[in-house]
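Paired with chain B in one complex and with chain C in the other, chain A is shared by the two complexes that follow.
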Partner chain A sequence: MSERAQQLLALADDELILGWRDSEWTGIAPTLEEDVAFSSIAQNEIGHARALYELAAAELDSDADALAFDRQPGEYRCAPLVELHLMDWAHTIARRYLYEEADRVRLDALKKSDDSELAGLAAKIDREETYHRLHAEMWAGRLRDEPRFREAVDELWPYALGVLEPEQRPELARRVGLTVVDARERGEHTPALAELWDEMTEVRRSAPGATW
Partner chain B sequence: MTAEAVWAALDEIPDPEIPVISLVDLGVVRDVAVDGEHVRIEFTPTFLGCPALEVMRRAMEEKVEALGGEAEVTVIKDDSWSTDRISPAGREKLREAGFAPPAPRAAGATTLVQLQSKAFRCPYCGSTETRLENIFGPTPCRSIRWCESCRQPFEQFKTI
Partner chain C sequence: MGSRNGAGCVMVFEVFRQEKKGQPFTHAGSVVAPDAAFADAWAREQYGRRGESEALWLVPRESVHQVTEWADEFDLKYRRVDGYSIKERLRIARERAGTAAPGAS
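Let's turn to the complex of A and B:
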């Protein structure tokens, strides 16, 4: 697989899996506003995943659904940060905040890519992510002095670094005011991914080839 | 078949989620090229996760077929759609239907301070005494605001 296809799959898998995790708050978020916010953010992230899978699919002679749902858990390239099952508000907000900051560093680089297709899509995605960042910024501001939130940020920090390439990590550290430590790298998945995959692909596996 | 006839036909297609405005008003049709019966349409989607995109695409194909042509809809996945592409007529139709049209796109990214400012006008009573209730709304393209003057919530098109 080309380096470009691998990169597209890593980006798409991050957005799909985080979108899935965000959607777990639909119906049970602490307030109605957050129910709406998390559902909308999940919808956007999964939409970004689809567009990225479509670019990869053109190169791999596949299609977006097959790439999203027909691979084995070990074939996904997502960062461990997005896999974690975090049904605690402090951790959920800490992950959204750290992911959006990391994603901003990554999208800024992709927008300058020589690959015009990828650069154009990154610019479009970035415009939508602006609203995710504002949401994360608003919550991080509200929870800044809460010990539970600070602890959650510290706990997830090595995972957040693992979203980015090593050379991009100092920029993330500067943005969030932390120092670079050993990252929880992509490649070795957390046990949470297999559980998520079981649920996410259940319908597709139960009726192979079905269309709706 | 002329490009003008195709544009006019596409202008009859309502937005699937906000049917008061047409796809042409929404600015998602970037270009129409006619070569005999073959019609090439450049479609620049709004939000990537919007479920209405497939409906829009099919509606455009059906319109062209009804004119006796054959449509080829190319989806442009770059940054070419923005809320600045919504036509002045489209903005007025949005406002009449109770959706506050998007603020113009600024040079930099939107900030929380801007969203929390009083630059947003209530589509019902025209007051700018409005506050941000939720950055997110019923669809990806909308936020929820509250009008302090007529004391009711309204939907605000996001600027992207």
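Let's turn to the complex of A and C:
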């Protein structure tokens, strides 16, 4: 598989798995308004995943659904940050905030890519991410002095660094006011992914080849 | 929504939505938020995420001056037009002019 396809799958997998995780809050977010907003953001991330999978699919002679659902858990390229099954709002918001900041660094680099297709898609995604960042920064600002939120950020920080390439990490650290530490790298999945995969692909596996 | 709103969520913002440029803003609903920043983010998602709005006005409910008391001590219904039925007169006028009622074919 080309380096480009690998990169596209890593990006798409991050967006799909985080979108899936965040959608687990639908119906139980802390307020009704946040429920609508958070679900909408989760849906947007899955839309970004679709666009990225389609770009990869053109190269791999596949399609977006097959790439999203027909691979084995070990074949996914997502960062461990997005896999974690977080059961409380402080961690969930800490992850959104850290992910959005990391994603901004990543998209800024992709927008300058020589690959015009990828650069164009990154710019399109970034326009929507502006509102995700507004949402994440609003929450981070509000919870900044809450011990539970600060602990969650510290706990997830090595995972957040693992979203980015090593050379991009100092920029992320600068943005969030932390220092670079050993990252929880991409490649080795957390046990949470297999569990999520089981649920996420259940319908698709129940009727292989069916169209919906 | 009551039980899910924590102590921090205390403001109600009335949301007015403009569907297209130049059209009037109409009341669309409300959001309950702790401050204007949250109201902004939440209203965007609730009233704009499908491109259905050109613009939104978010107005704290407490800023709305409501009027509900009306003095009508002297039975002023002669000032109203609801006693006059113009339906029949319109029909006759249209017949005379040879034009159909709007919407009728």
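One rule holds for everything that comes next: the second predicted complex is superposed on the first by the 212 of 212 C-alpha atoms of A that agree within 3 Å, B and C clash if a C-alpha of one lies under 4 Å from a C-alpha of the other, contacts with A are read in each partner's own complex, and residues count from 1 in each chain.
The working rule: a residue touches a chain if its C-beta (ideal position, glycine included) is under 8 Å from a C-beta of that chain, and two chains touch if they have at least 3 such contacts.
Note that the structure is predicted; figures quoted are calculated from it, not measured.
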item: Clash or fit (per the criteria above) of chain B with chain C on chain A; value: clash
item: Which of chain B and chain C A:E3 touches, first, second, both or neither; value: neither
item: Chain B versus chain C as contact partner of A:R142, first or second or both or neither; value: second
item: Partner chain in contact with A:E167 - chain B first, chain C second, else both or neither; value: neither
item: Touched partner set for A:D114, first chain B, second chain C, both or neither; value: neither
item: Which of chain B and chain C A:D182 touches, first, second, both or neither; value: neither
item: Contacts of A:A37 with chain B and chain C, given as first, second, both or neither; value: both
item: First, second, both or neither for A:A123, with chain B first and chain C second; value: first
item: Partner contacting more residues of chain A (chain B vs chain C); value: B
item: Which of chain B and chain C A:A51 touches, first, second, both or neither; value: first
item: Doubly contacted chain A residues - partners chain C and chain B; value: 33, 36-37, 40-41, 131, 134-135, 138
item: Residues of chain A defined as touching chain C within the complex; value: 30-37, 40-41, 131, 134-135, 138, 141-142
item: Chain A partner contacts - residues on chain C that touch it in the complex; value: 1, 4-6, 9, 31-34, 37-38, 40-42, 44-46, 49
item: Residue ranges of chain B in contact with chain A within the complex; value: 47-50, 77-79, 81-82, 109-112, 115, 133-140, 144, 158, 160
item: Sites on chain A touched by chain B in the complex; value: 33, 36-37, 39-41, 43-48, 50-51, 54-55, 116-117, 120-121, 123-125, 127-128, 130-131, 134-135, 137-138
